[in-house]
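Chain nomenclature is as follows: A, B, C, D and E, assigned in order of appearance, with residue numbering initiated at 1 for each chain independently.
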Amino acid sequence: MTRLRNGFAAALLLLAIWQGLIWVLSPPKFILPSPALVAETMWKSRALIGEHALITIYEVGLGLFFGTLFGIVTAIQLATSPAARTLLRPILAFSQAIPVFALAPILTLWLGYGMLSKVVMAVLIIYFPVTSAFFDGLMRTPAGYLDLARTMGATNRRILWHIRIPAAVPSLGSGLKLAAVYAPIGAVIGEWVGASKGLGYLMLLANGRAKTDLMFAAVLVLGALSMALYIAVDAGVTRYLKRRES
Amino acid sequence: ADKMTVLLDWFINPDHGPLIVAEELGYFAEQNLEVEIVAPADPADPPKLAAAGKAELAIGYQPQLHLQIHEGLPLKRVGTLVATPLNCLLVLNDSPIKSPGDLKGKKVGFSVAGVEEALLGAIMAPHGLTIDDIELVNVNWSLSPSLMSGQVDAVIGAFRNFELNQMEIEGVDGRCFYLEEEGLPSYDELIYVANPDLMDKDMIARFLAATEKATQYIINHPRKSWLIFRDTSPELNDELNAKAWVDTLPRFALRPAAVDAGRYARFETFLKDAGLVPSVNPVDMIVMDVTE
Amino acid sequence: MTTGVGITVTGQATGLFPALSLPLRAGAWTCLLGPSGVGKTTLLRLIADLPAHVDFSGDITAEDDQPLPGRIAYMAQSALLLPWASVLDNVTLGAKLRGNRADRDRALNLLSRVGLADHAHKKPAALSGGQRQRVALVRTLMEDRPVVLLDEPFSALDAKTRAEMQELAMELLQGRTVLLVTHDPSEAARVGHAIHVLSETGLESVAPPNAPAPRAVDDPETLTATGALYSKLRGAA
Amino acid sequence: MTRLRNGFAAALLLLAIWQGLIWVLSPPKFILPSPALVAETMWKSRALIGEHALITIYEVGLGLFFGTLFGIVTAIQLATSPAARTLLRPILAFSQAIPVFALAPILTLWLGYGMLSKVVMAVLIIYFPVTSAFFDGLMRTPAGYLDLARTMGATNRRILWHIRIPAAVPSLGSGLKLAAVYAPIGAVIGEWVGASKGLGYLMLLANGRAKTDLMFAAVLVLGALSMALYIAVDAGVTRYLKRRES
Amino acid sequence: MTTGVGITVTGQATGLFPALSLPLRAGAWTCLLGPSGVGKTTLLRLIADLPAHVDFSGDITAEDDQPLPGRIAYMAQSALLLPWASVLDNVTLGAKLRGNRADRDRALNLLSRVGLADHAHKKPAALSGGQRQRVALVRTLMEDRPVVLLDEPFSALDAKTRAEMQELAMELLQGRTVLLVTHDPSEAARVGHAIHVLSETGLESVAPPNAPAPRAVDDPETLTATGALYSKLRGAA
């Protein structure tokens, strides 16, 4: 509840800054339209925006799910196998360092212009932060717990399951929060590179037609979406972490 | 010297020959100009930035200009770089699409959002098809790759002097439907646009004079001018540019400042009839002759 | 019933303690005392085959010549409870880590015997220091191991609870080989079948009372042993 | 040393996978050129690539420095002021979700076409992971330390300085590792927003011309750069954390 | 020299302890004993104005009617050393947190008096349990506060070190108002000017020996008091 209110307050503040920029700098409306104009466009084009937003939401949801899943699995792999660690970590960094934009055109050539390429983009973009954060957590298990587990005759797998993973949950939480913010970008980049639907597509289309107001309406909806996702994930993670130790 | 910034529509390529040659041969300097040439990532941006006064000139596309003016951008065409359409509907040579009428149910890729639907709709209309009969896919900059890899059946927005050569180099033959042969009014593919409220007419006139001189040089010395273009930067020296250079030469506007008012009036009417603009703007809202 | 195995520790740790030989009699409670920082915890870690910070050269062998790892339960000096697991889950951790069925009834029973029946479903953060220590004790008692190492297991408990816990541990660890590190001479005098004092100069043994452990604290014999220990300890550091 | 060796092994593995793909799928070279071809292009164009790479390295360095700085400052602001927290966090999430290309004209309008706009992009892109990770760390200070500091009569500022910040250093380390990987992407995206120099420019140029081999050469150089940066940061962070507690 | 201020705690904590009144005489050592989990730590946290998990209704007032916060030093039940700071830095933490110049000489002097001169530049991870507790003690002694709350400060120490630490603390905290929570009746009998036992039914006082503290442990009077405390504690839980 408070979080929702905070989100709302933040939105108001953003609006105020935006309006302030308009007043102070009075940029041309084809570069930065006024909030009022964008609001009007948003309302008028609500059906259009809604239709495209649904597609993006769907892609983001799938991307978030699979990206988190793969990230968790990879982090666990890395944490359990020194061999995997040796080879995979630099590759991970490398793969991440190759800008998705650069790979996106090629990916779309392989995967087509359907939903798959966008989901893959979202997965790719959140994969690294999730993996990296969770892995860091898994490698920072307090030594005392590990000693204890060792004397108890635990297998590595069970130590992982009962001690290292629960101890790394706060770090995974940090990773998930990053993922909540990045997944929408991933999907939009995917749409940008090649699509016939989605908010990213709508943005490009509007931009190409010099309909800056419509573009900003789409940008705002995307931003609101990400913000909502972030607030939800943050609230969920915080509450879970608080609850589980009391 | 007077400093001015020119925003290109895309990375430097043979379409920009007159600018490069003018720079290299010192024609801008002759006109007491110091020209900075900047390439953007998104071709939709330069007109906006020119309208905002961030550059004296931007290179744009005529069909887009009509829309941009209707969207309220303070822009006018002040010169012409390429005076014929370059855009074409591109398919693979062995494609079953033999006429725009065969597009029904196909995927068509495009890159620059804007008037593609209008252009496509116009060339399909004689065949009894509308834009709803095809699936439009934004393929961004992968026009020829998306076609060659079979992800789309055709692309609109390919440049006849460029994508065809590119596909040939990759060993895949392409086939063009020339829009102006499919019932579209002819238009200027690449134009210079500027903000009429901010511009320095004299400076633009001098700029156009320099490019006019460069264009004449290019026509007179096609081989030498290619060498000049190629040697300005190592990344320009490749097979594709060499081929495209030859195909682009005949299309440069020989009189960059000259206005063909009828061409712009016809296109504006065509857009109105296609339902893409709400009204018909008078020609003097769209173009101006800076030498007047 | 699990029965203990005798162990002999011989060796030295460079910079910590000189060559010594510490016998742990099968089925008996051996108490280890000594000044703070002398190396008691380090010795326990060596026996438990845990990483220690010293160079130890020597042997830690069981009478039956079988390897020791897997036969030892170790209660560390700090409680080390998992903060996200309930008291009950903490107590049954060993079984879960070995993939066995956790004996919840036994766990609940032991928890109620240490006075924490009402706290079984709380998280460690909601416990007092002494309560946490008792949970760690129960966790160790749940491990059914022939050798049990206890590092100051009763230090955070009041006298009465401490006595009860001693009795409970002695009852439940009957027959096991127990090594108890403690700072409380009267505790050693009460439960020890053998008592050793570790100091920088080596290991010294003190004769335990003859009465069967656990002994009454105020039994004259126990008091004498306690006194003897005190004076030994006073000289040790 | 081992890290370098690992990086090398990883690079070899990547090459093997790549060559394998070529053998199995034999994709046309405009989709995936062979390692040999790319190596050849890389060698032939070494002067070109080197020149552009230098620019990018410079942008990355500046971006990393300022992004980390701003991220640290913001995280501290957020951690100390509940008001800032209420408002700024959702805005942060929102700001991340706005695709840069929507902002590109605005940025260019304000910052021009020079290096500044690229550095700003690099800063923007690493700002969020650094802020987010460090902030999470700052909010997770063990309660016992805070109680102790309170009874000692500490001001909030000094608690921050002597307790919360040192306690959050491992989290900041996680953030820095992410930043090392993201900063090059930021610079490249910045170059895409409008540039005439840098690896990102080169990539787009090559991509626009279907010179996939040159694009891959540039991508590889960028990847190697990021990998080196990541390995260096990872090694630094790990060693620092190990040292400071022993 | 800083002198103590008298404090009176009156009130009750729902579900923990009934209405009670605990007087802390100015300049004296008051000892608090009681079964594990009865609420001793909670009471200390209430006095130190730290968040506690209970509903406390009552008053905690100083004789001089000045506010208490800022006049209290609190040594918690666990050592709470900062793992990234050296022993010396941990010990001078208070000064740094208040923005004062850290008195390093005094710190080094105190560290050598608790036997940790050689450990001043080590990190806490390299210390034994008892060494860590002594560092926490020194950190508390470095705080120059009129009221000092000690929660089982000597629990991890061997008998000899413990006695030395008690003497050191009594010397350095001369004139302060000290509240000491302990589980060791002989400790209370040795240092207490007033001794209280907290139980679920309330607070009971036990007369301390008449001799000036610290008393000899084996002084008959001290032994008697210890014995009396033992029997009281046995009945308490």
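Just so it is clear, a residue touches a chain if its C-beta (ideal position, glycine included) is under 8 Å from a C-beta of that chain, and two chains touch if they have at least 3 such contacts.
Predicted model only: the values in this text are computed from it and were never measured.
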{"item": "Mutual neighbours - chains that touch chain C and chain D alike", "value": "A, E"}
{"item": "Among all chain pairs, the one with the most C-beta contacts", "value": "A-D"}
{"item": "Chain centre separation (chain A, chain C; CA means) in Å", "value": "50"}
{"item": "Chain B and chain C, separation of their C-alpha mean positions in angstrom", "value": "85"}
{"item": "Between chain A and chain D, centroid-to-centroid distance (C-alpha), Å", "value": "16"}
{"item": "Multi-partner residues of chain A (each touching 2 or more other chains)", "value": "27, 31, 105, 109, 192, 207"}
{"item": "Set of chain B residues in contact with two or more other chains", "value": "42, 48-49, 52, 141-142, 145, 149"}
{"item": "Junction residues of chain C, two or more chains touched", "value": "78, 126"}
{"item": "Contact pairs between chains, per stated definition", "value": "A-B, A-C, A-D, B-D, C-E, D-E"}
{"item": "Footprint of chain D on chain A - complex, ascending", "value": "6-7, 9-11, 13-14, 27, 31-32, 86-91, 93-103, 105-106, 109-110, 128-129, 132-133, 136, 140, 170-171, 173-174, 177-178, 180-182, 184-185, 188-189, 192, 200, 203, 207, 215-216, 219, 222-227, 230-231, 234"}
{"item": "Partner chain B, residues of chain D touching it in the complex", "value": "28-31, 45, 47-48, 101, 104-105, 108-109, 113, 192-196, 201-202, 204-211, 214"}
{"item": "Contact footprint of chain D on chain B as seen in their complex", "value": "5, 10-11, 37-42, 45, 48-49, 52, 54, 141-142, 144-145, 148-149, 166, 169-170, 234-235, 238, 240"}
{"item": "In the complex, chain B residues that touch chain A", "value": "42, 44, 47-49, 51-52, 64, 67-68, 71-74, 107, 109, 112-114, 135-142, 145-146, 149, 151-152"}
{"item": "Interfacial residue positions of chain E with respect to chain C in the complex", "value": "33-37, 40-41, 53, 77-78, 115, 126-131, 133-134, 152, 155-162, 183-185, 230, 233-234, 236-237"}
